[in-house]
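Next come two complexes, and both contain subunit A; in the first it sits with subunit B, in the second with subunit C.
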Partner chain A sequence: MKFGTMSSLQKVLALIAIGASLAALLSPLAMIGETTVSTLSHPIAMTFALAGLATIIRFKLKFSIAFDGIMSVLGIWGIMVILNGIDKASFGFWMLLVAAWAFGWLYIERLSNVTGLNVFLTRLIGLITPVFFGIWILVLWEAITRGANVPFVLLPPPSMVWVKITTSLSILWADFQQTILKAVLSGYVMGCGSAFLAAIAIDRSPFLQRGLLPVGNFVAALPIVGMAPIMVMWFGFDWESKAAVIVIMTFFPMLVNTLTGLTVATNMQQDLMRTYAAGYWQTLFKLRLPVAAPFIFNALKINSTLALIGGIVAEFFGTPTVGMGFRISTEVGRMNIDMVWAEIAMAALAGSTFYGIIALTERAVTFWHPSIRAG
Partner chain B sequence: MNKLLEGKIAPVVVVVSVLIAIWYCFTVYLNTPWQLDRYEKAGTDWTYSQLITDTMKQDRPVLPAVHQVVVEIWQTTVNKNITSKRSLIYHGWITLSATLLGFLFGTILGITLAVLIVHNKALDKSLMPWIITSQTIPILAIAPMVIVVLNAIGVSGLLPKALISTYLSFFPIAVGMVKGLRSPDQQQLDLMHTYNASAAQTFWKLRWPNSVPFLFTSMKVAVAISLVGAIVGELPTGAIAGLGARLLAGSYYGQTIQIWSALISAAVLAAVLVMLVGVANNVVLKRMGMSQ
Partner chain C sequence: MSKDASPVVSAKKLSLTFETNDGPVHALSEIDLDIAKGEFVSFIGPSGCGKTTFLRVIADLEKPTGGEITVGGVSPEEARLARAYGFVFQAASLYPWRSIEKNIALPLEIMGFSKSEIQERTRRVLELVDLDEFGKKFPWQLSGGMQQRASIARALAFDADLLLMDEPFGALDEIVRDHLNEQLLKLWDRTNKTICFVTHSIPEAVYLSTKIVVMSPRPGRVIDVIESTLPKDRSLDIRESPKFLELAHRVRDGLRAGHSYDE
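Presenting the complex of A and B:
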């Protein structure tokens, strides 16, 4: 491992961390009622700030990378403890936050500049960095909303959203079933499946292909979500209308991508298949579909997000009294913003999982593709 | 004739006319039950030709005929005063302004993020996965909350809608630009290095010019998606103005022709916007000497 010397950015971050630690020690930390408390009355925060101040010796000595990570975590811990006992944060609290943030950034900055690691460690760092970043976003969100007393309607702190999630699991599960399991999955399978079959059929006619590609590209760029009210009128309030919207939304991206993918096989490759006396279907399954796979998976990925959007937005135009879109629009009306965020968290989780499953399948199916071999 | 068949125009015309023909068939098929019901109640005799023409004349058809939509669009654009609340141009302009503002914000945000990501390893590793995750979150589902919450603190009108467009449009720009700014190969970067070029010089003289084609490709996606954001952003505002509001009002009162005309105008708007970006692309690339 090579650490190298500190870059100018790292020096600036180190100075910010030291300065903010000093300021946190000197200025009032927070208000409890009318009285002001200082950082010195909180042991964890005080340890953090004193250690932060002491890092001034890093300009003479070499510090290990893990030290910055530990400092950042210690800072987060101190901040969380303080948050539970105060009414309103003062300057010292924000300085503490800045110092912990600077240590966190320094940690990531140094970690990602380490060179000469083996594959496993590189992958591990590739995993740690975004997770650490995500945790920090949550910490900032929590500290700012609670420290500055941001109105609950504007932005509830994540801890509150978490409490809401754990206390209303049954509602969330019912909404999940209605929207994701019934509407989104059936619409997605029908839309992508029919577009795939249509693409294979159209592929046999170059004339249709030339005509449909521009039209398909055009339709794929249209605001198809707008079809939602019409579909609700045609197919009723239940999940069928949402599935219909999703079918229309997912059809054209899939059609266009599959058609493009089917043109990828080169003449040389097709000729080789001909010398093997392979028929149309054999060529299709053994050559043309496998080389089209990256395009098809691209469409499947785009469609996974589109399908969720379609399913939820279509519910704004009328649903039975269950479903994620329905819940979001009604709870917004009642100003139950924590419930809305709980639904959003679930939608985000469902969306990422959906996307992740497709991405993993893609890696397994198109293992030969350069973009996957490289990484 | 052969030349015509080989080009793109003839196939597209054929495909579009087939689609329109299918539309008409569906119009007759879907509107027939209501029309038959009508005849029965009135006790009139009917012939098939009469039935077919009548299905295309209903006030609130299940599926309006193409010409009904065209007539409605004509009446609400050319025959209406632009300031009138019933003019599609008025509603279209409201949506368009939110779209363009959001698109502008999104482009700036996307380029900024891409520049930061390309120049800082830590940001590349920590930010990039979250940018991708951010798009698996169905933001359009959050749109009503953003609008209502911003309304509650006194921000209303153009900005909330534009913010939703921003969120949607920054992503293709950021991803495309990261690719574009990284597109110069090692030889070119090494050459800049031998010139002792600073990071800023390498950026302005090598990376930025190289990324322009990528920028325009992603801008085409971004502007279309930005329009979708603006339309969905208009849904929860209680149907005041904009193409989204026309959709919502139409669905409340069962005015299918109004819904379809709003949809078609949104489609035309999207097509025009994408085309404009395409034209800008050609002009800029030509002036930079990069057009093929």
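Presenting the complex of A and C:
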């Protein structure tokens, strides 16, 4: 490992940490009831601020990288403890937050500049960075909403959302089943599957190419807010109507991408098949579909997001009393914003998992493609 | 006439005209040519002389617009459907999602060979082109010369008697090319196939062929057909011999004659 000297960005971050610590020491920390508490009278705040100020000696001595990480984590812990005992944050609290945040940034910045590591450690650092970043977003969210007393309906702190998630698991699970497992997955499979078959039918028959493609275009242009109520009329209140909306939304991207993918085999690759006297289906399965795979996966990825949006929004237009979209629309009306955020968190988690599975499958299937084999 | 004596490829007054926006292009004009079994025929000429087009007509990848051509006694289409030839393209054109082994198995899968036969044949042709250790590799993990060797193995896998090669070594450097030429001759000697070989390198044509067809462009036609006087067993050193230089000289003269009206 090589530490190297501090870059100018690192120097600026170190100065911010020191300056903010000094500013925190000299200013009021927070309000408890009507009384103002100074940083010097709060043992945890004072210890952290003094430690932060003492890091000024880093311009003479070399600090290990882990030191900045530990300072940042201690800062997070201190901030959470302080938050629990106060009513409203003052200038000193925000300065402590800035100092802890500067230590965190410094830690990541120094980590990413370390050279000469083995593969495992490089991967580990690649993992630490987004995790650390994610934690800090939550910390800032928590500290700002609670420290500044942001009204609950505008933005609840993540801790409250978490409590809501853990206490309403059964409701969330029911919504997840209704929206994701029933509507989204079946709509996605039917939409992508039928578009794929339609693409092959169009490829087979020039007549369909002229007839079906404009229809596909037209369907793609239909607005979801207009289609959803009509689908409810046609297929009833339950998940079937939501799946129908998703089919409409996902059909066109899949159709167009598959059709484009089917045209990318080069003349030479096609001639080769011709010299073997290969039939249409042999050429399709052994040449044209493999080269189309990157396009098809592109559509599958686009559609995974579209299907989730479609499934949730379609529930705004009539649904049984279960489902993520239903829950969001009713809980907003009842000002239960923490429940809305719990549903949003679940949608985000489900969406990224969905997308991640498809992206991983793509890597496995199109391992040969230059864009993937390079990395 | 016995079956062996009849020509593998026989063209009579064969013509092909492409209709383009700038008017008709006479790619082939009244070609008369017989290729006997076991011959190694090179087609040489400047670009646009129709040498590749002629090869593609034999392979039924282009349809002639005049004259007659038979391949193995039948029409090119029947010959193609009977899988009577193997074709090697300018680029290796291996499918990147298949390993070398699987690429070679591709025509065999299409032609419905059994699993065990596919394995056996794949192994044999890989040995033939000296790639036995690279069967599990993917095309993009191999050098250009190795890729082209694999594509030759693929064309050999189903054992067609006729091998059509369209400038297969054109994109390779001189040293690799020499090496592959030498190997190709050995392979031809061992398998006793008929080979049609398109090239624009005079030494390559003279070194490889038993018959050299010199062509000229606009319209694409045959200027000279040279029967090689070189012995069948040749090493690369033969290129320094007077006989070789004499043949090369005649090819060059033919090419010049075909070109003269152009300049």
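Please note the rule applied: the second predicted complex is superposed on the first by the 335 of 375 C-alpha atoms of A that agree within 3 Å, B and C clash if a C-alpha of one lies under 4 Å from a C-alpha of the other, contacts with A are read in each partner's own complex, and residues count from 1 in each chain.
Just so it is clear, a residue touches a chain if its C-beta (ideal position, glycine included) is under 8 Å from a C-beta of that chain, and two chains touch if they have at least 3 such contacts.
Predicted model only: the values in this text are computed from it and were never measured.
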Would you mind checking which one, subunit B or subunit C, touches more residues on subunit A?
B
Would you sort A:173 into first (subunit B), second (subunit C), both or neither based on which partner it touches?
neither
In the superposed arrangement, does A:59 touch subunit B (first), subunit C (second), both or neither?
neither
So, does A:215 touch the first partner subunit B, the second partner subunit C, both, or neither?
first
Which partner does A:269 contact after superposing on A: first (subunit B), second (subunit C), both, neither?
second
Determine, under the contact definition given at the top, whether A:277 touches first (subunit B), second (subunit C), both, or neither.
second
Applying the touch criterion given at the start, work out whether A:287 contacts subunit B, subunit C, both or neither, answering first, second, both or neither.
second
Now for A:223: first (subunit B), second (subunit C), both, or neither, which partner does it touch?
first
Using the superposition described at the top, list the residues of subunit A that contact subunit B and also contact subunit C.
none
Quick one: in the complex, what on subunit B touches subunit A?
5, 7-8, 10-16, 19, 30, 62, 120-122, 124-130, 133, 135-142, 144-145, 148-149, 152-153, 220-221, 224, 227-228, 231-232, 235-236, 243-244, 247-248, 250-251, 254, 256, 259-260, 262-263, 266-267, 270-271, 274
What residues on subunit A touch subunit C, complex-wise?
266, 268-269, 271-278, 282, 286-287, 290, 293, 366-370, 373
What part of subunit A is in contact with subunit B in the complex they form?
9, 105, 108-109, 111-113, 125-126, 129-130, 132-134, 137, 151, 153-155, 207-212, 214-215, 218, 221-223, 225-227, 229-230, 232-234, 304-305, 308-309, 312-313, 316-317, 324-325, 328-329, 332-333, 335, 337, 340, 343-344, 347-348, 351-352, 354-355
Subunit C residues touching subunit A - in the complex, by the definition given at the top
59-61, 80-83, 85-87, 89-91, 93, 95-97, 106-107, 109-111, 138, 140
